[in-house]
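So the structure is just underneath, and the comments pick up after that.
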Amino acid sequence: MADTKIGAYICKGCGLGERLDTDKLESIASGEGKAAICRQEEFLCQQSTVDKIQADIDNEGINRVVIGACSRRAKFEAFNFESTCVSRVNLREGVIWVRPDTEEAKEATQEMAEDYIRMGCTEVKFMSPPSASQEQSVNKHLLVVGGGITGMTSAIEASKAGYQVSIIEKTSQLGGVAGQLHRKVPSRMPYASPQDNGIDDLNNQISANSNITVYLNSTTTKTSGAPGRFSVDITTESGSTTTENFGAIIQASGFTPYDANKLPEFAYGKTPDVVDQLGLEKLAQEANGTPIKRPSDGKVVENVMFIQCAGQRSDKEDHLSYCSGHCCSTSIKQAMYFKESNPNCDAAVLYTDLRTPGAGGEDFYRSAQRKGVTFTKGIAKEVVAGDNQHTIKFTDLILNDEVDLAVDMVVLATGMLPNSGVNIDAPPAEEGSVEIPVESILNLDYRQGKDMPQLVHGFTDSHFICFPYETRRTGIYTAGPVRRPMDINQAIDDATGAAMKAIQAIENSALGKAAHPRSGDLSFPSFRMEGCTQCKRCTVECPFGAINEDEKGYPSYNESRCRRCGTCMGACPVRVISFENYSVDSVGQQIKAVNVPIPDEDDENAVAKPRILTLACENDAYPALDMAGMNRIQHSAYVRIIPVRCLGSVNTIWVTDALNSGYDGVVLLGCQKGENYQCHFVKGSEIAHYRMSKVNDTLTTLNLEKERVATYEVAITDIQRIPQLIDDMAKTIEDIGTSPLKF
Amino acid sequence: MGNLNTTMIEKYRNSFLHEVEANVEEGEWVKMCMQCGVCSGSCPLGPHWDHPPQELFMMIRAGKREEVLTSSSMWMCTSCYNCIVRCPRELPITHIMHGLAHYAKRLGLVPENQQTEKFAQLFWDNLTNTGRVNELKLGLKLYFMNGFGEGIKMSLKMQDVGLNMLKTGRMSPFELLGGHSIKDKTGFHAMLQKAKELEDAKIAKHGA
Amino acid sequence: MTDTIATNESILVIGGGISGMTAALEAAECGKQVILVEKTPSLGGRVSQLYKYFPKLCHPTCGMEINSRRIKANKNLRVITMAEVDEITGNAGNYNVSITKQPRYINDNCTACGECANAVEAKFDNEHNYNMDKRKGAYLPFNMAYPQRYVLDSGIIGTDDADKAKAACRYDAVDLDMQKETVQLNVGAVIWATGWQPFDAANIQPYGYDRYDNVITSVEFERMMDDFGPTGGKILRPSDNKEAKNIAFIQCAGSRDRNYLKHCSRICCMASLKQTTYVREQYADDGKATIYYIDIRAIDRFEDFYAKVQADTNVSFIKSKVASITEERGTGNPVLHGVNTEGYDRYDNAHDLVVLAVGMQPSVDREKFPVEVITNEHGFIERPEGSTGMFAAGCASDALDVNRAVQNATASALRAIQVVNRFSKTEV
Amino acid sequence: MAKKEYSFYPGCSSQKAASSSNYQVSVDSMCNELDIQLNTIPDWNCCSASIGYAGGGELPRIALSARNLALSEQANPGQDVVATCAACWLATKETKERLHEDDGLMEETNQALSAAGLNVKADQKVRHMVEVLIEDFGYDELGKHVKKPLDGIKIAGYVGCQTNRPFGIDGESFENPKYLDKLVETMGAEPIEKYEKKVQCCGGALAFSEPEKSQAMIKDIIEAAYDGGADMIATPCPVCQMNVEVYQNHINKKYNTKFKMPVVYYSQLMSVAYGKNYKESGLNGQVITPEKLSIIAKK
């Protein structure tokens, strides 16, 4: 670390001057804080003043800046000094706005401010400006796994932006399921009739495009490396393998149609006249515009019924609980095949909820009605195969009627299952149970498993509403029906969106920049290997699979896979992991910097001044605290709050150190954990809760009450609740008394 | 008329919907219904319908020919047009109800003693006779449309109304003798005759 | 943010809702110069007015925080608020855009200390709360507002309040002479992220939104759940501020209806299902919800959420487009009239409160785009075709939920990048 | 203002000694004040209202109104067809629209008409008298003619069905039209705000065939007027007027109510306000005398 020269700047604006003894703060900064330059300003964030700070950096060799003013969330642009570490001491939202403006409150409020100045000066001492590792270089080559309409679209869209693409397709041709469609649901106004499936056009674009290479009859047998330097083994059916390097990967492995043989109640397999939707596409293609004939005897179909949600939206065993989204429109489209080639054919759709959302959807539904397709709200119970005609037994929910309908053909609208490969979170199979081997899609050479983590029902969707492309394997994006049940139109958008993210990953990994949510962060953890005990906690707990283990069991870190959350830092029992600007020391030393008053034994009427350490997630808890300040919602003056990247980065040493140095309580504020977790780094909050449960032992050995440490799940909207939680801890301390460990 | 009914049954054996589309006023709209039920909920006489409009449409699709055509439901339509203005799918429901009623009548399937059917027929006969409605005759016919005994009862029951109308000069006994009429009755009747022929021809064509 | 001078290698994003923010950020984080133009004083759009998202029931402000942090930290991105595009000429790779910027009357000096708001008196309808309450004439639009800078309502300009605001500001941030200005830009591609507006429920006459206090819209209901909203986070009915525990949700309020919006707005079914959980969250077992629907459109894995709500015995479902609403004399209870079409049952149901699941209407009237844009009859911008440099993102392109809107916006960012790459040297 | 001329379709009930002859009397007085000349369509015929469908098929019913349109084109070329009866207006306007919308209908209809030596184009506007008042004069102009403001009379504006749906007047809402209240106000009387049964159906022609069902609805219509504190009900429709006025005795017997609610036409209010006397305003045609209105008329 180059020798540090601290400049501390204290603002007197926004009431800070009136409420606080800023001279005292200045003397602390220059004294204990060892700030080389220290100034008070009436209006720190105004351009002229900011320019003066820049001048100190440029001319006075200031390389660490402490801003004693408002929250880090305010005036960010003003105090964003290039290549200089800045500590924002939150005197406004964090101190005067959460304290009453009264004489009796003054002292405690001032102490708060003084401690925060001490903490800020300490923090910058232990920070150094991050710089990229240069580990990656630009590799503008993108891999697309899967050559269906999604993969083809991703490839074409990426190449249009000037990138090289290789498509790996398992079968002998591109096109996937879309290629088997006679026509597709319209994607343009007037949304009235089926349109060409578009695969030929995509094929032509690809074969004419020198930037796109296609590997047919091939699979990925090994994927290692990291964004910017993925190394992938591509193996053909014949077994020959070539290895290529890629900057990023898109997984468009598509879906497998639900096996209609699991629906004997609908006579599938008993007669060829009962088909699933893909089966009907085949018949329509053969008929090619002429009236569709039924498979059993080639008779022109005069009446056909479509059974929606066949084996879907059902809790029966072997059925799918979810809705596949596209099937209503698909049946409508297929009913049109019949109507358009033979107006006298009766085509009826049996549904419970007709789902054609969006602008085009309802137009398409109306268009089908206009063409004479009829719709019946009802539940199919059974299809009985006959020699001449087949009978559908269903309940008509509108007429409240049990109906036996004779038809020539039945089409089952069955669902889609994602081709997502191995479920890496699946519990290990019990002894003796026969495991059906699942073929991996990516064969990732990651400690965390061969394929992409799954969200639900096997789909690899993102966990976040706002961030559909949030991925737990940096630089690898899934798109199309493998990610979520979807129709072709959505798959095309999804393919394009995934291509966008993949390109972004290529560009940013080359610059050593982190991906979302710490987009652009250049800091990355370094491992002091000589201290490492190969305990593997960092490799196990990394939510993004950034850390492998080398043959000796040492962590081998992949910078561009890393999301900079610090979970590894929090996990390390021997504290060998740290970031340039965020480390066990940069936080730990702040904790130590706080002045913990030692009660004067002799003085009877000395008031106890407890200290509470609060470590708050910077994504949700800290902003909520800010907004509490903005709304002047007060909390205890005894608390000292430190924002952390994620609760997962909290190393238990911070907690034990705090308690050892006389703090009376510790409050950890993280995000919601569990099934609907809100933690932006997946498991941070959960891991923290787990680690804290272990701290109890430490507490007992120090014979401290376990109430002194509390961990909470909070939301960014808990603007009123969080101050309350802090006050609760203050109350607890009042009840159980201050810590005995003050000396 | 009865045999027209059988012809129609023959022709449209497996699709009452097609029959309605071909032969009922505005019948081609029936297929556009999405079963939201806003019409059924909007009808002022709703509670008196065995089968509200949206249900009739579903029954038509389900081929419940007999039940639909012999139902008294569509005869409950007061022509208030609530259903039409609220229908999200633009179905001219009032007209379809009139159309179904007329078609049922044509096929001789109207339930016994359907009061509105009787009155509507009286009204038609009355107006087509002279080209203009003769309210007095219409009134009297109305009272007696359910037989002489009923007629006397009705007349007595409605006496006050009649007297009031006479007193206020809104009814005149002289209407019994001829009364209001258009001049060109011949042309008028020829026109209606022609219109009827054209319509019957269409139905016959479909029926054939 | 820096004062990038736009060039034909820059991308213009119109609309600062979640779709616009996403499109802008994805492009900027890919190294592109981006200008984001927003009509209102702050970013966030409709999403900032939501309490929770379906199906996860998490808080939109959480993603907003991340996105505004991304924007603060990104030097490729320039945000212009209170601005609207009034002309676009040229073609793909080279558009000339003229933008009109309304005066904010508050400059960059603003520290968001709030003294100006304390000083002024006049109150105005609070658009953030759909005018359910009032705000001061000097205000921060909402807690999370970005830019975190106050605004003076043009309504106070020329009044004492304006002078009071100026006097109260110690940082010379209040500039009463600020004028509306025109900004000229040259950009390579344009992204329309102009979003949606709730359909005006007053048009649905049978439901009497304009006549009955206790008939409100789904977007207003969202605001009721905000601790800092018009009702302080309580579900209260407007007529008498009584707790509303028995609530009716009417689906397709304006959607799937030739009298109003012919299209299906997609989100309303899920929104109402979500809002039934608000009722339960607040009133536990006393909370009752009834959903009147035509089809429940909980597609794909949303079905799981639908199943969860269906399992709640306090929530009932009636397949019916409600025919009309009347007001019960004395109680002020709205009474819903209609027919359950599953088996033909008539109902006249009284509820404490009715929530109309209002439809999504494109914010920009299809006739009012400042340049020719291809829209469908519903006013949504059609998928790009041919060599255009203009793309829709999010709900400008279709009625979409947040997740799909962001997905679509991410795609549109790439489409825009393709254009600028094609016309710049950066092409490989 | 210059004289305005219209092609007038009176309709059966407005004829001498017919059920709404009093309506016609008041319309004449009103028009005379406003300098409106109504050129009656020569030899006009019945429109079959909305109840001819048992005997008459679609085409014959269309032909009825088509004949009137054809005669109007002959006798009063270029003039809008104006009707005072809601049913007449609706049937004629619907016919005009469907002749242009339904393919083949125009041709078939003219085939039928040719049997009467007629031919129809149906290009003219078909309007209700109220539209003429609102669109061609406007409330302000109508107000200028008021000589005896109807002070202190509370009036429930009962719009009913067929002037309101499906076409509506002046683009107003189907659920809560205001035009009648505005007219009432313009004449100096006080409209009942929130008259709940403003657009409730009275049963129309079914008052004859389904008297109980209709009278149940009529009861609500009158009750709501009383609840609103109305002195009388005003309506633009002959069927509404008759149904709501003449069955009150029967309703009183059945539900033992004490209804005695006068039901007048907007044109009678205007005629009186315009200074016409009791008879000129057709008030002698009321079964239940509207006292407060009569007093003003007799002043």
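Going by the order they are written in, the chains are A, B, C and D; count residues from 1 in each one.
Everything below uses one rule, namely that a residue touches a chain if its C-beta (ideal position, glycine included) is under 8 Å from a C-beta of that chain, and two chains touch if they have at least 3 such contacts.
All values reported here derive from a predicted model rather than from experimental measurement.
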| item | value |
| --- | --- |
| For chain C, the least number of touch steps when starting out from chain B | 1 |
| Labels of chains that are neighbours to chain A and to chain C | B |
| Chain pair with the higher count of C-beta pairs in contact (A-B, C-D) | A-B |
| Chain closest to the middle [Cα centroid of all protein chains] | C |
| CA centroid of chain A to CA centroid of chain D, Å | 67 |
| Distance from chain D to chain C - Cα centre to Cα centre, in angstrom | 46 |
| Rounded Å distance, chain A centre to chain B centre (Cα mean) | 65 |
| Chain centre separation in whole Å, for chain D relative to chain B (CA means) | 23 |
| Touching two or more other chains - residue numbers and ranges from chain B | 34-35, 55, 85, 89 |
| Chain A residues counted as touching two or more neighbouring chains | 354, 377, 398 |
| Multi-chain contact residues (two or more partners), chain C | 206, 256, 319, 324, 341, 344 |
| All chain pairs that touch each other | A-B, A-C, B-C, B-D, C-D |
| Contact set on chain A toward chain B in their complex | 303, 346, 354, 365-366, 369-370, 372, 374-377, 396, 398-399, 401, 403 |
| For the chain B and chain C complex, residues of the former touching the latter | 34-38, 40-42, 46-47, 51-52, 54-55, 85-90 |
| Residues of chain D touching chain C in the complex | 173-176, 196 |
| Partner chain D, residues of chain B touching it in the complex | 25, 44-45, 48, 76, 78-82, 84-85, 94, 98-99, 101-102, 105-106, 115-121, 123-125, 127-128, 131-133, 135, 142, 157, 160-161, 164-165, 167-172, 174-175, 180, 182-184, 187-188, 190-196, 198-199 |
| Parts of chain A lying in touch with chain C, wherever the complex brings them together | 13-15, 43, 45-47, 70, 73-77, 80, 140, 157-158, 160-164, 187-191, 313, 315, 321-325, 353-363, 377, 397-398, 400, 456-457, 459, 461, 464-469, 484-486, 490, 493-494, 496-497, 499-501, 503-504, 507-508, 516-517, 519-520, 619-620, 623, 627, 630-631, 672, 676, 678, 680, 715-717, 719-720 |
